[in-house]
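Have a look at this one.
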Amino acid sequence: MSVSVPSGPMRYEADERGYFGETWGGRFMPEALVAALDELTEAWREAMADDAFVADFERVLRDYAGTPSRLYHAERLSELVGARVLLKREDLNHTGAHKIRNVLGQALLTRRMGKTRVIAETGAGQHGVASATAAAWFDLDCTVYMGAVDTRRQALNVARMQLLGAKVVPVESGSATLKDAINEALRDWVASVDHTAYLFGTAAGPHPFPSMVRDFCRGIGDEARAQCLEQYGVLPDAVAACVGGGSNAIGLFTAFLEDEGVEIHGFEPGGDGVETGRHAATIHAGEAGVLHGARTYVLQDEDGQTVESHSISAGLDYPGVGPQHSWLSAAGRATYTPVTDAQAMEAMALLSRTEGIIPAIESAHAVAGALDVAKRLGQERGPDATVLINLSGRGDKDMGTAIEWFGLGDAEEGPEADLEQVEADAATGPDTEAQQ
Amino acid sequence: MTSTSTAFATAREEGRAALVGYLPAGYPTVEGSIRALRTMVEAGCDAIEIGLPYSDPVMDGPTIQAAAQAALDGGVRTADVLRVVEAVAETGVPTLVMTYWNPIERYGVQRWAADLAAAGGAGMITPDITPDHGGEWIAAADEHDLDKVFLVAPSSTDERVAMTARESRGFVYAAAVMGVTGARESSSDLAGPLVARVRAGGDVPVAVGIGVSTGDQAAEVAAYADGVIVGSAFVRCLLDHEGDEAAGLDALRALTTDLAEGVRRARS
Amino acid sequence: MSVSVPSGPMRYEADERGYFGETWGGRFMPEALVAALDELTEAWREAMADDAFVADFERVLRDYAGTPSRLYHAERLSELVGARVLLKREDLNHTGAHKIRNVLGQALLTRRMGKTRVIAETGAGQHGVASATAAAWFDLDCTVYMGAVDTRRQALNVARMQLLGAKVVPVESGSATLKDAINEALRDWVASVDHTAYLFGTAAGPHPFPSMVRDFCRGIGDEARAQCLEQYGVLPDAVAACVGGGSNAIGLFTAFLEDEGVEIHGFEPGGDGVETGRHAATIHAGEAGVLHGARTYVLQDEDGQTVESHSISAGLDYPGVGPQHSWLSAAGRATYTPVTDAQAMEAMALLSRTEGIIPAIESAHAVAGALDVAKRLGQERGPDATVLINLSGRGDKDMGTAIEWFGLGDAEEGPEADLEQVEADAATGPDTEAQQ
Amino acid sequence: MTSTSTAFATAREEGRAALVGYLPAGYPTVEGSIRALRTMVEAGCDAIEIGLPYSDPVMDGPTIQAAAQAALDGGVRTADVLRVVEAVAETGVPTLVMTYWNPIERYGVQRWAADLAAAGGAGMITPDITPDHGGEWIAAADEHDLDKVFLVAPSSTDERVAMTARESRGFVYAAAVMGVTGARESSSDLAGPLVARVRAGGDVPVAVGIGVSTGDQAAEVAAYADGVIVGSAFVRCLLDHEGDEAAGLDALRALTTDLAEGVRRARS
């Protein structure tokens, strides 16, 4: 779009004003929040340059959240697909997902800024639980906005947040789901900005959130890259992550952006299939627009009204996406491919049965897509071809969905779905790639 | 079209503040919103803001959200908004569109500016665009001679207030409280100083909004501002009389009259 | 009971026939299983002496389960009680509890013995999920016996096991709970012993299970002891764990048995209070007897019929206890104290709110009891007094119980219980100790 | 009391196997179980095993579990078992108690042995005690001249079979299949070799149990064993006629007759 986009290491970074590739991102926000966003930008920049802050962050990640997460060689899965499959075990982090990295970073920054209260939005509750956790640890007041539809569907996560000391506010407006919770959190923030920090849950939203959240999550990729080199002496041939708002994906990808030989794959929620219109494959099927403060791909109608997204995975069910992903896609550095609900659920069962790891359905999207990449690379380059997948979270939270999908949970009856078939199917050729 | 600043100039000449009234287009219907806005013009609004209903209105409180959502549910489209603009602008009162950014970007900024101007619109209020991220809009507005009404807030730095005053045309929208739209019991202590800071930054008129619902409050604000913006209170008139248009219009008329008296009694 | 109990390092070990202190433990089992138990004893002894096995076990624990688990300084909690509180973060292990250590050890041994199928009993499902996980990883057939009452109460865990590829068999006999699931698993084993290994879920049952399970879990204490010395330069003044069957407790205690200055505390499920009869405080309130193959403390009536136990925590709800604990109690080396449901739930809320860690209710028993020990030691020895608590598992599985207990989960209403009070209460003097 | 071996000796003299019948005490009631056991004696059982109902019967299949649980629910106590022993032993048939260990430990092993002997019991079958962990019981039994019936299984090593044969008195209980109690279609291939192994270990009689429910099966087993033990099939007679004692006793009588014929036709 412009010739002045930098090349080299800065090519994929945002400029001073928060634009990636001059177009994506930015800060489309009420003036009332600009001072707070400026203050946050300033504080984040200073903090990242302050060795003491970085050391504090690393310490809390290590001692409390349990990082570095393991890089795990999934041997049975590798055998099935004919290439080396490595899983970055973010599911073993405290609270069970990569999200703890982001909230601990933001909460540490909140303390540094002298604020005493945090707010957060949440969809199914993962970011809300993570935020409540960080708030408990740092002794901050915490209010979580959650769509009223979601508070009723996810009473367990509501309870978790309450037990952790957070106040959960059900949001009745709009579609009463995640995007409305974001709107409501922003409304709170407009009124409370002097003492309140907004812990945004993904690498989207207005500048500096996309860059700041990425910085707090980039340990995923930095660790994985070093672990892969150390454990296997090579860089991976491809890295893969699921993309909702995009925090885990950008946290993984960042370390590999300059490694030109490494394929970068983001897998978007394809829902019932992109062709049905019931999906959340924002980059693949959305159009450029502005949502929640950033220019990015958005699922929208002809008039620019946001369209409801659909995914079996609550954490990916968002009609926008972090602007850096839009840029990485537009710039051709990363490939974003939809994975349907059915493909993700099959991958969930496959990983469970072959490796004893029940992934979050979000992460199962990455597994499903990455296994096809692995099959292709294995065919092209042999069994040492290496695909590194970010296992962004564990699936405990998703058992309700799995019960419905597979007909599980009744010991008298046994599962309805033929789970035996899953392994057999997995051994056959690429399919998600072929479908695109 | 004329800049809204003419309405402020007229009011200033009359020694009073201007009354700026807001309703979303398409509530309860497109035609109904036209009748409502014309009623407000007739009863004494000096300028009109027409809201473009949007799915993700982060600056709106529950009242405006409810009406805008109903308008969307009723099928209102961007083009309908231009129709409402045209119908209101015909009255001669400066008529602005208040809108979040994405529908405009989607419509095409250039095309929008042209069509808005052609409909007789005076310009646009942009709650989620600040001048430093509004380059495309500023260019288009300048080309089509449209007002660019940006917001300032109590939290804005002096530097940003000055920048906003400089980049605005028509007037500057001063958000009187830290918070979203919605009627409030008392107007804020933060508004006066904020208006003063805008004035220090240039001679564009300053209107204060967010929270005014009575003539007395309007009078209070009018004591230090060039204009008083009222939104949620008007919307409430319609919401409270849903299904009874005549009653809704009566309520609108009564409120406008009260507010118009308010902006007039301020300096006496 | 006998003068020939060895002193010194062997004092707390079982003899050749599986007796601790000549009386506790043993093997009260059908002859049909004796060959299998002998084979298992032999295989376990050989394996523990085989560096390759030990290295394999350590590797799978590290790479897959995520050990060593962190030793975490709970600073806010420490401040509240006036002593240093350290938490051994077994909750961050894969599958969320210490139990993965045991099942990985037993599954590895199963493979070494050339068997292709495993069976397991489970109460609420924790050991069943762990067993299904290990079976998936080692590609073994897996059948889990679970009381029919429990399969209905814990459909989520049934689903987990099924997703992992295990068959879950509901047991209708007796009280249709854990002890009956054990009976049924033993019945299966009698008929399938040639190709099937019984993955027993705790450090109880016939010889060699109490010693073998301890060996597989003792990493908890070995790691914690080394971590405490390394991180703080001292041994703890006291160590604490909850005691159901006793695997996590013996896994912790073993490393400290010879450290005479270290107090050893086991906390038993006190249910509604020992005086009500509705509890599972086996050592505190049971009588010596034989249950599931071992002589140990048992909750039983005048005729030696097992009495139903009660605890809010399913994982502790067992009328027996590992025989080594009976011996440690009888020998005076460890102290076993009941903690009521109410005390445990209060500790659950406290840890959640102060540290952002939702513990398993099992583990919350240890926290409740240990905090009182910490208060006493803090008063006696000052704030450097160190209490090391095994946080045996995470509380995700227990949110249903927490919702009922505290009235959580409704975002419109907010929690019923006054959780604010919890922190205030915690700062006051010892109470569980005082109540004994 | 006499050792059960006398019953085996008598049978051997008659050129046939002994029939050993099992029922739990207290099902359907204490008195009912006495009447049932006496019926079995009258109809041809050579020895009787009386089950002591226990909360955690790991060796029992569903049939025996159900009856024993009903007995427990009905309030049967350890002392009641002695009463049943006494009532059955009065008939002159050797009468053993079959019990899991904990109730005995709880009763007091010495006291139990004394009371069992006093009630006329011949001894005890201990499914969860093997001789190497049964020291206390062995001592008490020896003191009170009681039979100690231990079990062997197809999985037992030769060494253990020999040890068990050596330590047993009365007879050795050979579990014919790897599995718990319960009627089965066909008796197992494992039983014959197992019996042979016991015989190699000593001259104590060997009875085979687990799975026999018909005269034909009994005949099959009687071809190679000194005794045939039947449990679940008897229990089933009672369970199938719950609430109709006469019918239950008729069924017991018919089954006993059939089995007694079976053990007699074996060697012909």
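Should a chain be cited, it is by its letter among A, B, C and D, assigned in written order, with residues numbered from 1 in that chain.
The rule we apply is simple: a residue touches a chain if its C-beta (ideal position, glycine included) is under 8 Å from a C-beta of that chain, and two chains touch if they have at least 3 such contacts.
Bear in mind the structure is a predicted one, so any value in this text is a computation, not a measurement.
Touching subunit A and subunit C together: no chain. Least step count on the touch graph, subunit A to subunit D: 2.
Using mean Cα coordinates as chain centres, the one most removed from subunit D is B. Centre-to-centre separation between subunit B and subunit C, using Cα means, comes to 66 Å.
Averaging C-alpha coordinates per chain places the centre of subunit C 38 Å away from that of subunit D. With centres taken as mean Cα positions, subunit D sits 96 Å from subunit B.
The multi-chain contact residues of subunit B, meaning those touching 2 or more other chains, do not exist; every residue touches at most one other chain. Shown for subunit C are the residues that touch two or more other chains, of which there are none. Looking at the complex, you find that subunit A touches subunit B at residues 17, 26-36, 38, 173-174, 179-180, 182-183, 186-187, 190-194, 287-293, 295, 298, 300, 302-306.
Interface residues of subunit A facing subunit C in the complex, by the touch rule stated above, are 62-64, 66, 70, 72-73, 76, 89, 92-94, 96, 132-137, 139, 146, 148, 151, 155-156, 158-160, 162-165, 167-170, 348-349, 352-358, 396-397, 399-400, 402-403, 406, 408-412, 414-415, 419. On the subunit B side of its complex with subunit A, the touching residues are 54-59, 61-62, 65, 69, 72, 77-78, 101-107, 127-130, 132-133, 150-157, 160, 164, 175, 177-180.
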